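Down below are the structures I want you to see.
Below are two complexes that have subunit A in common, paired first with subunit B and then with subunit C.
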Partner chain A sequence: MSLGMVFAVLGAALSTLFAGMGSAWGVGMAGQAAAGVVSEDPEQFAKVLLLQLLPGTQGIYGLLVTFITLSRIGILGGTAITDTHTGLMYLFACLPIAIVGLVSAYHQGRTSVACIGLVAKKPDQFGKAMLFPAMVETYAILALLISILTVTNIG
Partner chain B sequence: MAIVKMQKLSVCANQKNRKAILETLQNLGTVEIFTDEITDEELHKKDTQRARSEFEKSAESFDKALKLLDAYAPEEKKGLSLFMGRAAIRRSEVDRVSKKSVSLLNDATQILRDEKEISECGGNIIKDRNQIEALLPWQSLGIPMNTERTKTTAVFVGTLPEAITEEQLFAAASKELPEPAPVSVSVLSTTHELTCVTVVCLLRDRQKVEENLRAIGYARPSQMVPEVPAAATIELEKDIELQEKNIEDLKADIASFAGERNDFRIAADYFRSRAEKYKVLGTIPQTKHAFFLEGWVPADQADRIASLLSDNYGALVEKEETRETDVEPTLLKNNRFSQAAEGVLASYGLPQHGHVDPTFIMSIFYVIFFGMMLSDAGYGIVMFVACAIILKKYPALESGTKKMMQLFFWCGISTTFWGLMYGGFFGDAIDVIARTFFGYTGDGIVKALWFEPLKSPMRLLIWCMLFGVIHLYVGLGIKGYEYLKSGDVVGFVSDILSWYAFLTGLILMLVPSDLFASIAGMTFSFPAFVGPLAKILAIGGMLIILVMSGRGRKNWGLRIALGAYDIYGVTGWLSDVLSYSRLLALGLATGVIGNVINMMASMFGGGPVGAILFIVIFILGHTLNIGINALGAYVHTNRLQYVEFFGKFYEAGGRPFNPFQNANKYVEVKEER
Partner chain C sequence: MGDLDYVYAVARIRVKEKSLLTDMDISQMTALPDARAVLSYVEDRGWGDAESSGDADKVLAAEEKKTADLMRELKIDPSVFALLSYPNLYHNLKAGIKEICTSDPNASAFYPMERYGREEMLRILGENDYKALPAHMQKAAEEAHDVMLKTRDGQKCDVIIDRACLDAMHEAGRKQKNALLRDYVESTIAVTDIKIAVRALRTGKNISFLKEALAPCNELDVRLLAIAASENEEALMNYLETHGFREGAEALKESPSAFERWCDNRLIATIRPQKTNSVSMGPIIAYYLARQNEIKTVRIILTAKANDFPEETTRMRVRDMYG
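On to the complex of A and B.
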């Protein structure tokens, strides 16, 4: 087993690790706010649940990059890496979704909390409330894209 | 396809027809009444506040009674309440119910009274339980708790704040009394914090013994009953039983009204509608013999309503010209496909009159983009079949929910289409099943009709951006159409055509370049004339923007500066186009997560146990994936419409059409002809 493999697996692990941590953070925060709203007005359950789920996608993006990476470096498919350079490249390719996933999920969670407050006061403004957290997610999507494009084009 | 043209009507009629006219308008539900502009000193408005709040209170009583009926005599559900909508009833039903509304209201009040008694009984039970709890340490006391003396002795019944034995107590109580002390003590029960005791002494020693006891913390019991504690406990338990039986009786009494549930619903809506009518009535200006009102109606209904009112009630109805200051309410009318997306538009904001209703164009892009993001044939089939079943099974859906279901039905079909294009059916389920259970070893069975995104993501990214450019160009085109419609040709050339030329030129210059070829892995070679043409378009467009963008300014320096700033807006276009990369990212996410689920499901091999585990994991995993990705697709399709597309042309700010109608919550009244 080469050192390259170690780096590549590290990268794959990091993307699920950090992006997942960010999502757990964000969804957790939003869930607390959502529970508060439902305790006052149970009819808003479906709406605040959707808002709570929005910061959850980063974790999935992280998982996605991990899976693509693992399926290319000989763990779930593909060919094993023999040199350190390629392994390092995989590691760096995973970093965008790992780091941006963490930060954007945290901030998307905070935005969701604010929007859950908005829905609590004005339930008819749900369409707009959903859009604000989605704005934050744009950057996670861009990071995901770069990670995927890089991983699929190495080697 | 459009915003419905509105017509303003003014009505003047005799007072004696007031009730009939208002009821007709309310049942029609197509007129938005407003009366703010009719002002005259001789006109007065009727104060209907009291009648209105009376009706609202009645409606509320019925609502509460219905909730209680649901709690104590639950109805058998014939499906998911979310999709049930309102039950359709005939007008004669309403008349029948309105005739007996007094007795119905009495019944509802009876239910509310019962509920109040139930909670009182519940309170009593709690009180009794607390008392039983407090009497527990006194159970072995054989005399009433408030006994203070007999003929010759003094009796102390009370508590001490700590554990104490009878010897210690005797010693403490008989302190400084001559030996042998005529004191008898007994400890009834003891814990760390509380000891219940009785002390008996001769009457003459009473004062001394009491002092002694006080010194070690003696106190009278906090809960005193004038009976023997054991007997009192039995009494209390009997009372609890009685109260519980009471509650049962009251609940049964409430449940006995279950047969009137439907009448309650109709009555609740009847009173709600009357409250609504009185609200409008309170705003109507009137004299002693006549009343006046104005209202918006959809233009194609104006004549029908006008003749209806004048023929039946001799009202004077006139069509009014729309004044400058009037804000026409917005009502959308679209074909069967596009009306499904009206809710999406409404949650951003309705268009104003004189502007374009983008629902039709938006609905087409909406469905396509949603399909590209979810992009799995299996998920798409699940979606549109589920929506079709719901639409078929619950015809009385609330209009908002119904539109949503229709929208997802179309989105489901689009998802199926894109799934086939990308070769996704529950991820790669067919291949995995073939390999795991049937020993298939060949190439993939399911072939993408177009290509697999994961194999060539760059190629799909270019396509996504192309779709983005088309979407944005159409948005810009709508703005151009509005310029032309208002006759502003200069504006059309300098704000719309210039941008088309500028952007198209830039794209044509970029596509054949080495940079693009190395990114996309594709080379384009255009005919020779395209190169110079692209330069002419780009430079021409740029010059027009530079000179014309700030055309409202007199100062040429400022005007050019504004133009230069607007050219800088091309970076906005770049980021808008890049934003469409989410079409690729979300499409990939669905597919890859689907594959991961299939892989996990197939890990247990091909035996019977493997098959069972496969089915369980497959169903759970794909349900989760379809849920989270459909949510993602929905949110991000909305975003592409709201931010990128609407950003190019759309101004919301229309006032929704809010006709005077029956305020029904439970039933939908069908008119009889």
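On to the complex of A and C.
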């Protein structure tokens, strides 16, 4: 296996690893807050569940980039990489969703926790409460777009 | 525990905060015709339990118990709530010494507490078993008990116990990592020092009494406070107005109850920012203090109604609410 292939696989792994870590943290924190609310007011289950799920998307984005990368570098499809430059390009193409996924999921988790607190006190403000963590999602989507555009246009 | 370990507990507290009394509730209760109507009002809001119906003391005790149970359920560091209960604990010590020394039973003078309530306190003092008290109380309890037995000087006894309470709070607060708790402790010590200074001035105490009674704190220069309080009322008010306690000084000029009200409102203002804090112990402490404040306010209204105080007088005594 060439060094380029090693770099490309590393990039694919980092996408899922970092973005997944961020999502696990965010969903976990929001889950604790959601459990707190439901223990006192079970009627809020559906609302707080949606807020808990929001930081989970980064993990899915990371997984998507990993699949696309693996299907282009000769592991799930495509042609095997033979040179180091191409491998490094795949690695760098995966970094946006890996890093932005991690950071945005962390902050989205914290925002979700705060918004679960908002729903706990004012359930009628759920619509507004959904918007705050959704704003953080914007940056994960931008990173996802750049990673996909770059991965699919290498070579 | 780190701040993020309180996410679950804070979320539960956010739901609980919905049932806190608001300023509007207090205003409505103040306008009610009598104590029974006030009691019905709070019972309609879920206060009390199956056994407390119609009995004001039992309703308030049930609410105290509910708050204590919730804090236990949330697994908050017991040292935090031990610190918050120091004033009640030392109050029970005072009440215990006075009851033992005067042989005048007064159960209502004690705060109901799981530990160191009336029976336990009387047993400890009766048997001179000071080691059964928390370490920070033992020396003061022995000294105050001795003074009361030998001199019957209740004021001296109070000074010893109050000073020990403030010193214990200062020491425990210094060790706390939570900023709200540190602020609460400092604020409590500052307003208690001011109360002592005012009382000393009005009863003509000298500077050595003040130096003995005032506990050091970060918000006040107790040396200057003692000097001002040993001079005259104008000097004391001037000191307070120029050291960040202008509103307190104005409340003092109005009446002692207005000052008590200002002290409690100052505390509520200290905890109010916790409404926007999602991830620390702060909102839980704030909720606990808010519950204590609303129970105290309902007690004030019930007492005022039972004694036929005019509505305007009652209104001037009620506290701001956190809810």
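Following the convention adopted for this analysis, the second predicted complex is superposed on the first by the 155 of 155 C-alpha atoms of A that agree within 3 Å, B and C clash if a C-alpha of one lies under 4 Å from a C-alpha of the other, contacts with A are read in each partner's own complex, and residues count from 1 in each chain.
The rule we apply is simple: contacts are C-beta pairs under 8 Å (C-beta built on N, C-alpha and C of every residue); 3 or more make two chains touch, one makes a residue touch a chain.
Since this is a predicted model, take the numbers as computed values, not measurements.
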Q: With everything superposed onto subunit A, say whether subunit B and subunit C fit together or clash.
A: fit
Q: Give the angle at the C-alpha centre of subunit A formed by the C-alpha centres of subunit B and subunit C in the superposed arrangement, rounded to the nearest 10 degrees.
A: 50
(Q) Once chain A of both complexes is superposed, is A:I68 in touch with subunit B (first), subunit C (second), both, or neither? (A) first
Q. After lining up the shared chain so the two structures overlap, which partner does A:G117 touch, if you call subunit B first and subunit C second: first, second, both or neither?
A. second
Q. So, does A:G36 touch the first partner subunit B, the second partner subunit C, both, or neither?
A. second
Q | Shortest CA-CA distance between subunit B and subunit C [superposed frame, angstrom] | A | 9
Q: Using the superposition described at the top, list the residues of subunit A that contact subunit B and also contact subunit C.
A: none
Q) Considering the complex alone, what residue numbers of subunit B touch subunit A? A) 344, 346-348, 454, 457-458, 461, 578-579, 581-582, 584-586, 588-589, 592-593, 595-596, 599, 628, 631-632, 635-636, 638-639, 642-643
Q. Given the complex with subunit A, which residues does subunit C contribute to the contact?
A. 4, 7-18, 278-279
(Q) Touching residues of subunit A toward subunit B in the complex: what are they? (A) 50, 53-54, 56-57, 60-61, 63-64, 67-68, 76, 126-128, 130-131, 134-135, 137-138, 141-142, 144-145, 148-149, 152-153
Q) Touching subunit C in the complex: which residues of subunit A? A) 29, 32-37, 39-41, 110, 113-114, 116-117, 120-121
